[in-house]
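Presented sequentially are two complexes of chain A, the first with chain B as partner and the second with chain C.
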Partner chain A sequence: MNWKHGFIGAALLCALLPFALPQYMLTIVVEALIFGLLAMSLDLMVGYCRLYSFGHAAAYGLGAYACGMLLKHFALPLPIGILLAVAITVVIAIPIAWICTRSTGVSFAMLTLAFAQLGYAMLYRFKEITGGSDGIDGIPRPPGPFNIAWFESKLGYYYLVLFCLLGSYLLCRAIVRSPFGTVLAAIRENEVKARSLGYNTRRYKLATVVLAYGFGALAGALYAPFAGFASPELFFWLTSGRVLIMVVVGGAGTLVGPILGGGAFLILENELSQLTDSWPLIFGTIFIAFVMFAPQGIWGLITGRFGRSAIAASAARTEEAPDAAA
Partner chain B sequence: MDFLGFAATQCLNALSQASVLFFIACGLTLIFGIMRVINFAHGVIFMLGAYVGYTASAVSGSFLLSLVVAPIVVGIVGMVFERVFLHRLYRRRDPGAYLMVTFGLAVVVSEAIRLIWGTQPLGTGIPDFLRGIVLVLGQPFPLYRLFLIALGISAAVAIWQFLDRTRAGLLIRAVSQNAEMVQALGTDIDLVRTGVFGFGCALAALGGALAAPLVTAFLGMGTTVVIDAFVVVIVGGMGSFLGSIIGSVLIAFVQVVGAYYFQELALAFMYLLMLAVLVVRPGGLLGKEE
Partner chain C sequence: MPLLELDGLSRRFGALLAVDTVDLRVETGEIRAIIGPNGAGKSTLFNLITSVVKPTAGRVRFANEDITGLPVQEVAQKGIARTFQLCHLFPALSARENVRIAAQARDQGRWRFFGGDAVLRRSAEQADAALQRLGLERHADALAGTLGHGDQRLLEVAMALAQRPRLLLLDEPTQGLSVKETDHTVDILKSMLADRDLSMILVEHDMEVVFRLADFVTVLHRGRVLADGPPAVVKESAQVRSAYLGEFA
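Moving on, here comes the complex of A and B:
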């Protein structure tokens, strides 16, 4: 099966999904798609550069707050608000990425975490603008272009989110398969070697972080008008941790895996938290099990017969030849 | 108000906070030095120490006994975790895997605490013999905080002597410099790793049991403190013992001064300091750049 068939099939399935679901499920499905997009954006860093960001909540939160404020105070059309929010986040992300890519590994994780927490702290500092612990509420969801009452309805918004997700996926897929993406894979496998081949690896990593922030901001910008509010929670480090879990459980370095992981995580959480109090206990255990026994994630398990996900294969190679590891 | 007395009590306040931070950060940095593992669960381990300490002192009626029981129990939990999970990941050489498996542990343990002890905050209460108030330059200061400072300083000295003077300390320093060489020379480094992980967890648990009378044990006490401890370790330098002392004192002072003079910026202050340090010295004040 060609990937194009798979993609078109999945897109059609998603397009028809709302008609098979009860109305109340639509809200959670939209959120699942948004989280899938967020997880996929983080996968650019984790799966293709081995840059473990513990602060991806910053991208999500920035996108959500920027979009929320733009829509609320300037009454912009929705698509323009979303695109502007992404642009703003990308501009903010450049200096952040510049500082964070100075280090790798654990320090990188901690630096990204620090920036996200700094953003969290700033929300409280500039209460007048950000609403402090209340966040921003009453974010409008303006109708679509030409005054068609399109995005106002849940169904219309579902298609907007689906369109963004599929478009982003195609874009990311093209990125990781381009010559640029090949260099990223080289960095993931052995950065020293990539550098000695003459690549300025830091510039590549910087670009990846900025890209990941951009797509993460798109997820945030889609979330704010849908939920109608943006709260400091979006910036909190637990959000970052959750997204990272989704990437790993879904399958890092596959793009599709994190989308599935993000969606499945959110829907499972929604269903199970109604059944049992101890949902965190269950998902913590599942998560540990995946890290220990199936680092290739859900998507890697599914496609296991045909091929291994890149990062799992790389982990396996490292195990086989420990000396090659940097 | 008498400024000198005020300044003195504020300094002591910061030092007592530094003691608690040190107990967490020291274990964190030792564990990192030995196995390059960032233990995300360290804050939850600290919280577990506070809860176990609460139960121990409630059952036995002795606060001092709880300071012994909590580290032992939690240290054993840590060693079991290291043996069962982390141990299998060393071969993968992927720092992300450690980060994530300990994040999973943090989620599971904090949920387990909620199931065992419930959601109510539990106050240990300061034991009678430490309850008094001392006058420092004419200003009242709680005796318990002085006790914390004394304990923090003596622990720091004891650990420093242990690392510097004993054979086990020598081994720990050697493993953190070059684990493969130590193994080639015939030392069971798995034992060292398990031991250090358990020791680090025990220290955090002691910190938790000590902090419990001040803040009462509550769910979520681990999450704020682990971020503080990360900042301490990063500012001081990953894997550096002396760095964890300097970092604890520095961060505690920033927190106390920030909370008093710049209330709105207090949270941001710490992160700004960390960013400033990292931009100038990516490896932290006393750390090596990797």
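Moving on, here comes the complex of A and C:
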């Protein structure tokens, strides 16, 4: 069985899933797919380029707010609104990525966090446009071009989200295996060497951040019309933290893992929060357990690639970190 | 016209003048060894040529072009490849992928997101050729980080070779190798030069290696060029002897 069989099998399974689930579960499954997409977008940075972003909520929030405003104030068809929101976020992401990639490691993480919090603060500062703490509500799902209206129903929307997730996965998979993508692995492994071979590593990292923002914005743009509202918490650092946890638990550097991690996280959160108020405690325990005992994540456990995920490999490497300019 | 030309190159680190007005010319096809005691400024000289550190004064000219202060990656794109004193590899990638990445660096298609299969195939072929050249083909699928020290050194040379350089800078290629491995490496380096339009500068402590490989030897001492000439001449120089014995001030 090669990956194509696996992909088609998973796609069919997902396509049939709504018929096996009670109606009320569909909402949470749609959100799980959206969060899976968000986690996968962050994996481009974390898993392939070792760019730890603590501010991926910015991509999600930007996509959601841009899409919400476009749909609410302009009579755009839904797919056009979503694509425009992604395009707007990508344009905004370019200067952000330019600034963030000037630094590395912890300062990179702090800069990404700073930009997300800046977005959060701006929502309150420009209340008239953003709705402040109320956010934007009443986001419609206008019918698409040629009067395609099937995504107005919840089931239809599920397929729209599924289509976007599978399409994004195929795109990301092609990207990480392209000449461009293979350089990301080299940068992750040893940036000094990659540069001395002749790669402009800063530009590769910049492009990666912009790509991750683009796919993250797609997740946000899918979320806003589905929920019908966009609230400031989308921009909040807790959202960034959750996504990062999903990537690590799912298995960084695998694309599939974070999708599973994102989905599992959301469904588990939903179930646990009905049982107990201290569900974050359980989550914390699961997270710690994964970091300590299974750094290769869920997908690593499934495929049996022990110790081979990006994070595990990087952990094993810290002791032999070479000295550049010695 | 020399391939590489250093003109009054200096680099100061605080109070230390690590490289002090060095003039050096390397012709096409030449192998030059740079020797000198620890702290003589050999590695700093490499870092100056490859723009890892910028000179405080002086110029670097390569192939009739001023490359002083260019970004590191652009110096590499001009055709200067180097290995590091401490091996620099991509440890969690296979040996083949290490070399393929190096070959791809000089490919116009290195930026392609999609439809880059031809680029990947081309660079993989070049990688296999370079691996074969260094006798590493049986390790092609092993992770670079799991190779023995000697093979890691050879792998880094294979990567440099895959960059199709005009000038190759080797920082102590035989450091830490056994006598047998050293012989093997010297043979390979010699064969690389035999049929190639390639110049080489090597920093080396092993005098036997220097005398077997080099056409010219430059002796550095406290950042200055102390002696310069064919190996036999330099060997006899009283100045050099005293520098190594620590009497020269």
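Some notes on this structure:
Here is the rule we go by: the second predicted complex is superposed on the first by the 302 of 326 C-alpha atoms of A that agree within 3 Å, B and C clash if a C-alpha of one lies under 4 Å from a C-alpha of the other, contacts with A are read in each partner's own complex, and residues count from 1 in each chain.
The rule is simple: a contact is a pair of C-beta atoms (placed from the backbone, for glycine too) under 8 Å apart; a residue touches a chain by one contact, two chains touch by 3 or more.
Just so it is clear, the model here is predicted, and its values are computed rather than measured.
When the two structures are aligned on the shared chain, A:S178 is found in touch with chain C, with no touch to chain B.
With both structures placed on the common chain, the touch criterion links A:L301 to neither chain B nor chain C. In the superposed pair of complexes, A:A264 makes contact with neither chain B nor chain C. Contacts of A:I80 after superposition: neither chain B nor chain C is touched.
Judged by the touch definition given at the top, the superposed model places A:G198 against chain C, while chain B stays out of reach.
Of the two partner chains placed by superposition, A:C14 touches none, neither chain B nor chain C. In the superposed model, A:I28 lies in contact with neither chain B nor chain C. After overlaying the two complexes on the shared chain, residue contacts for A:L155 are found with neither chain B nor chain C. In the superposed model, more residues of chain A are touched by B than by the other of chain B and chain C. Shared interface residues of chain A, touching chain B in one complex and chain C in the other, are 322, 325.
On chain A, the positions that touch chain C within their shared complex are 174-175, 178-183, 185-186, 189-190, 192-201, 308, 310, 313-314, 316-317, 320, 322-326. Across the complex, chain A is touched by residues 32, 36, 38, 85, 88-89, 91-97, 99-101, 103-108, 110-112, 115, 223, 227, 230-231, 234, 238, 264-265, 267-268, 271-272, 274-275, 278-279, 282-283, 289-290 of chain B.
Interface residues of chain C facing chain A in the complex, by the touch rule stated above, are 43, 47, 50, 52-53, 71-74, 76-77, 81-82, 84-93, 97, 100-102, 104-107, 109-114, 116, 119-120, 123, 145, 159, 163. Those residues of chain A lying in contact with chain B across their complex are 46, 50, 52, 54, 99, 102-107, 109-111, 113-115, 117-118, 120-122, 124-125, 237-238, 241, 244-245, 248, 278, 280-281, 283-285, 287-288, 291-292, 295, 315, 318-319, 322, 325.
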